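Multiple structures are listed underneath, in structure tokens.
Two complexes, one shared chain (chain A), two partners (chain B, chain C).
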Partner chain A sequence: MTIPTGSGGSTGSGGSTASGASVAGPVDLAEFRAEVQRWCRENVPSDWRRAQTGASAEEFAAFQQDWFQQLRAAGYAVPHWPAEWGGGMPVAQQVVLYQELAAHDAPRLVLGFVSIHHAASTLLVAGTDEQRRRHLPAILDGEIWVQGFSEPEAGSDLASLRTVARRDGDTFVVDGQKLWASGAAHADWCLLLARTDPDAPKRKGISYFLMDMRSPGVDVRPVRNAIGDSHFCEIFLNGVVIPAENLVGPVNAGWQVAQATLAAERGMTMLELAERLGNAGFRWLVDTCRTPGPGGGRPVDDPRVADRLAELETEITGLRALCRGLVERHEADTAGPADASVVKLFYSELLQRTMDFAVEVAGLPAHAELRKPASSGWESGAWVLDFIGSWEWTIPGGTSEIQRTIIGERGLGLPREPAASA
Partner chain B sequence: MNTELSEEAVEFGRTALRAFEAAGGDQLVQDAEREPARRAELVEPVLDELGAWELDPRGGADELEAAAALCKAAGWWALPYPVAERLCRPTDGSTDASTEGLVVIAGTEPGPRSGPGPAAPVAGLGPRWSTVTLDGRRGLATAAEPVGSPRYTAFVTELIPDPIPAPVPDLPAIDGPADGLADLALGLVLPCWTLLGMLDRAMELARAHVLAREQFGQPLARFQGVQFQLTDAEVERVGVEELAKYALWAVATGRPEAVDDALALRLAALEAADLVFRVTHQLHGAMGFCDETTLSWISRYSQPLRRLPLGQAATRDHLTQRIGRIGLAGPFATQLEVQPR
Partner chain C sequence: MSDVAMSESELAELHRELRVVARDLLRRNAAKAGPDQTYPTVDWSLLVDTGWLGLEIPEEFDGAGATFAEVAVVLHELGRAAASTPYLGTAVLGVGALGLLEAGAARDELLRAVAAGEQRPALALPTGDSDGDVTAFRLAAAPVSEGDQPGAGRMVVSGSADFVPDAAGADRILLLAADESGTPVVVAVRPTDPGVTVSDRPVLDETRHLGTVVVEGTEVDPGAVWRFRGTDPAASAASARRLLDRAALAVACDSLGLAEAMLEATVEYAGTRRQFGRPIGSFQAVKHACADMHVKITVGRELLAAAVRALAAAEDPAGPHDQEISVAVSRAKSYLGAAAVDIAGAAMQLHGGIGYTWEGGVHVYLKRALLGRSLFGAPAAHRARLAARFTAL
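And now, the complex of A and B:
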């Protein structure tokens, strides 16, 4: 396994990937890096942070759409997709792309995150040809997706979800409530899990739907979180009609579809996040440590600070290697059942440790920095908000407790926790 | 050495808890955040009724313990008011005895400085505040007008220190270095009791949540992985509670190492707060980040206590520099007998 250095110069080979993606001939990584650097210099808007600070929801969405189209035109929007749908970039090249976008402080694709990862992965793994033809090009044109999985009573225990979809001729009629649907206010479509057989064991009575968010009966309400952000949303579903052709996979096989698509998606998203942390977040943290404090001294000259930085860099380097390894094993179909959980657990807790340290080092002035630009990553340099935001990470997409359970049971082959006696 | 709070102090704390509850309980901080101008009128009548300002924490162990119990009760409700800071107001007849309260500020100079100035959650509660630096120098400061909504500031505002008056020859300095060491110890210890009340509340909220919230057909509390997180946090909380009582005893008995003990308490309280809030947030799930949950309010309003005057690393640094290689005297120092070899 090669640990990416972020400084360029290494030469890798391109060729075809196990997912069927292929590129013409070997690619010189140094050449590719230079190309991405050139592109970033010419295209990353120099004032985007200022413009996105305090931006309205509409300004944020418009900026994200515009940035997505710029990336798309360069071939950088969906490098992880198969070539026939507009991707096909080898993993080694993707790593370079994400490194350079982070190093040039490019805006992140926040609005389209679920669309290009979760939705695309669902369609590619389990969708019909018709569904792919309908939605993958639309996603490239800016179609926005939201994930409608969690419910008030179904968080970690997702399989106990209660939203019901009743068959009615060639449609399903959906009633229920979804929670923590990030970005639902902007979404055109929703990846929806709903119960289609209330009598079956809970994992065997769930179906997976593609739901048009403009359907009558869909009501989205933002939930404001502790830092005043409203990206969490509740979705209320009252008699929403979904055509049967929008079912993904067979009826009552939704749980299996969700498991397969989540596994496929995880590695791809983590690859980009790990490179962000290494090439943007950590770099800014080092800058913060080099900035003289009120007393004139630089935190980095304190051996304890230097020691922590070294420790964090070691861990981040490990994370980047883990992520790359996961993607490569996924493409070669050799990934272990708990590999994605290891990466998610490690990233989320490392992000929290890193942000915690950043807040401590940045000191009191950082507490006055209470606005963070929209379109920035999990590490924006507004350390206090980044720190609070990092707390979110050990909860969604499977809490750290769930990840540890998966690593214990599926990775290490340990027995399941005994069920509670009544 | 008896570090237990007196029965009267404990009862006073219970009375205060009930009084704050009757006045609105968790609603108080929410109302104050929505209408910052009403902060004083929401809280002060209850404190007056309780006789809070008749307490003199410097007036003996009984009053100090009652003050600590009051701070803890205020923390339980995240009372939007600097109870500890006001209880610490100087009463020694010095020039700054008419201020609103006493705030510990970072650094060693009581006067104006470059870089970020001292700050405290005292916005909108009267302009004049006494200050004491971390090496015990007393000073005076004026609270700046609040900038921004308390939603983001938690009522923290900058304190602008007065210039230090030039020393008058042949007259002893009123507030020379070290004169304020007792004030410093008191000013460090009482806010830790407020924070302790917040930790108590966070633990109780998380405990109630994991008992009530069912996933996988059973309460979360049934999972050992959940129980162990809560027990680790509880061990931290209990440790801080014991240290808080010890540091209070050190202040009450005027022990020379009271400042060291106060700093050690503060460090332990900050470390415990990190763990307690991390665990209680994690166990609340995403809902814990939303203001629908009380935890979100307690957590947000714990921030000024945890960051000012110094955060964890800086507190540790200051404590380390103070005690050097001598270490802390500790509760058992007087009983230590060294056997001849």
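And now, the complex of A and C:
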């Protein structure tokens, strides 16, 4: 075609490659989908939801480890890692994988979430070769990680954290308290932020450590959360010794390293979560809307319900495209500074709206669903618990309010707030 | 359409270039608008000179042989500028309809005349929320009266359509009509034909020119009745439906463009306007409102891109089928129609008093966003189409 652009130059002529050929990559997506479907039919345990409902902490952890190894054997556990470490799956294929896992109601990797995302991306971005060699294969073998950032006095204002690490020869000695550390009770290792220079400006005196949770002086106490689980914990640190070789990045450069982990949490993890929302959460919502209520009528025949369903489906479609675009831009190194925040904010609030609506449609019977299966993340189908659980996405990893500030300042270039007096 | 396929990156580069040129042209044009006019007028000669009119016209008829994907770029920029132009009625709807018709001397000649800027067609199709009937006009055999020549095969067409984009001033009105068997066809009439009345339909959005087309028993000869490609009733109905999808999607492109313009204007203003000793953009209430505008635009852009891709590939045998196209269009139109109004409204709020002045011009965008939300299907109507997939058993 010849398109007049008015610029005088001729554009868009000449020999060109066939369009679309490069998109799918070497692997045929339809074939891959069939392969994943076959794998899911053979491997997703049919009764796992029942078995995981009311499971003990040990049963939960054992089940998660088994499931992780099954995924690993199929090459599905860490598709987003670089090829040399056992990943390397093209984004288009990852999307298919996540779609099919969701469509087959597969368990989620709840226990290994921080290990395969936050820990791995930290090591890949900022770790030494030695650290990568030590931990990446170990993670594949089931090593569990926890993120020890937040403290009682340092949540949104993370940089004001008070846990200190004092240099002592070839080691650091750590004292302080961490809060809200998800999965700490099961963790082997901790991504730890601690203050190494109390006199430097807040962000310039923090270092990033890999801490062995078996070290003397580490004390973990579970905190019961809003849905009644004890997944997040307090971690007390008393004279914990960390070898200096477990520093990630230079001393006092921990803040920058932390940005890498936070970016992973905000953006990259959403690829799977968005597909779960589209292919599991929304599908169940449609089922709920089509199930006749006590009066015999189906909620979906109420035009207001139908309208909301269409609206949510439209937003979920937008979310999925957004997530995919983010991962692709991230890989091409063209992502904008607030792109991940846009995805995190939109995902978490859309999830909350969707669950809220599901609770409303499901009515009183949903309130009698007293427990949800472990290993399911939010998407259990016990709508009231799932709705309450949606705050697990709007609060951590930077609250929605913090994301809006990031989008405004880093994304749109709006003026910063005046610094508060310290 | 050209047979030279372009790679995705070549296409992206082409779109970028088209966008830059369009934006620049429109900006320079805006400077020419009169003192009382707060939006640019893009006159006919500019549409001709830029080649935008003929983007989708095949090269054999002196057009550019491009697709809706390129037209979407222009629509997006026209929306950003809130430009007043007959592009929608002529190049998007008129040419869009002609492109779906069987080739024929009269149709081909009209396409060539449009590419040259000599003829201005408009397409009269339902503009509201009715989902069932896509044709607003009826075509029937003319009653045979005493003195008639036998076998002339003359037909009469009747009906009316309201809020037709760029109807007034068009040389040719293309009526989307149902023939006697109910199959959609296009009937070409002139505003001067007996029984045809085309009148202005002023709306609050001054940047759009809508009209009412009333046709009362106008006689046409068979040469003015043009059939959709494929001619069979089902294919023709799908083509008629496609025209409505195209119209809705065109408006969605415009909505995205104007929403972007409103966010940019607001961010710029919030960075310079000071109150309480600091730029208002440093207040979270303002900043977070801008962040929400940005999120909506980002989501809307994805939905729009998917719909444009689908519609532009409609003729590709390996492309999406009709249902997929309609679904993608309804998502984009419902989301962006509503989002643009929210965003223009927030822009008015965040500009304070200046945002409410005539001269400030935010109202131009708000009115255009509001009209766009209603034109070719309100969000609720499009969501009803989407929801039909959930209600069906």
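In the analysis below, the second predicted complex is superposed on the first by the 389 of 422 C-alpha atoms of A that agree within 3 Å, B and C clash if a C-alpha of one lies under 4 Å from a C-alpha of the other, contacts with A are read in each partner's own complex, and residues count from 1 in each chain.
Please note the rule applied: a contact is a pair of C-beta atoms (placed from the backbone, for glycine too) under 8 Å apart; a residue touches a chain by one contact, two chains touch by 3 or more.
If you're wondering where the values come from, they're calculated on a predicted model, not measured in any experiment.
Novice: Contacts for A:Glu417 in the overlay, against chain B (first) and chain C (second): which applies, first, second, both or neither?
Specialist: both
Novice: Once the shared chain is lined up, is A:Pro294 touching chain B (first), chain C (second), both, or neither of them?
Specialist: In the superposition, A:Pro294 touches chain B alone.
Novice: Between chain B (first) and chain C (second), which does A:Glu100 come into contact with in this model arrangement: first, second, both, or neither?
Specialist: The answer is neither, since A:Glu100 touches no partner chain.
Novice: Please tell me which partner, chain B or chain C, touches more residues of chain A.
Specialist: C
Novice: According to the stated criteria, A:Glu151 is in contact with first (chain B), second (chain C), both, or neither; which is it?
Specialist: Neither: A:Glu151 stays clear of chain B and chain C.
Novice: After lining up the shared chain so the two structures overlap, which partner does A:His367 touch, if you call chain B first and chain C second: first, second, both or neither?
Specialist: In the superposition, A:His367 touches chain B alone.
Novice: Would you check which partner chain A:Glu401 touches, where first means chain B only, second means chain C only, and both and neither mean what they say?
Specialist: Touch status of A:Glu401: both partners.
Novice: Classify the contacts of A:Glu331 with the two partner chains as first (chain B alone), second (chain C alone), both, or neither.
Specialist: neither
Novice: Using the touch definition from the top, say if A:Leu345 reaches chain B (first), chain C (second), both or neither.
Specialist: A:Leu345 contacts chain C only, not chain B.
Novice: What is the contact status of A:Asp307 with respect to chain B (first) and chain C (second): first, second, both, or neither?
Specialist: The second partner, chain C, only.
Novice: Which parts of chain A are in contact with chain B and also with chain C?
Specialist: 401, 404-405, 417
Novice: Going by the contact rule set out above, which residues of chain A touch chain B in the complex?
Specialist: Within the complex, chain A touches chain B at residues 150, 153-157, 160, 179-180, 223-226, 228, 232, 293-295, 304, 356, 359-361, 363-365, 367-368, 370, 391-392, 394-396, 399-401, 404-405, 417, 419-420.
Novice: Quick check on the complex: what are the chain A residues that touch chain C?
Specialist: Residue list for chain A touching chain C: 1-7, 11-13, 16-20, 22-23, 286, 289-290, 300-301, 303, 306-307, 309-311, 313-315, 317-319, 321-322, 325, 342, 345-346, 401, 403-405, 407-409, 411-418.
Novice: Considering only the defined contacts, which chain C positions touch chain A in the complex?
Specialist: Spelled out, the residues of chain C in touch with chain A are 1-2, 4-8, 10-11, 13-14, 17-18, 21, 25, 49-52, 55, 59, 64-67, 70, 263, 267, 270-271, 278-279, 281-282, 284, 286-288, 290-292, 294-295, 298-300, 302-303, 305-306, 330-331, 334-335, 380, 382-387, 390-391.
Novice: In the complex, go through chain B and note every residue touching chain A.
Specialist: 106, 113-116, 119, 148, 151-152, 156, 214-218, 222-226, 274, 278, 281-282, 285-286, 289-292, 296, 299-300, 303, 307-308, 311-314
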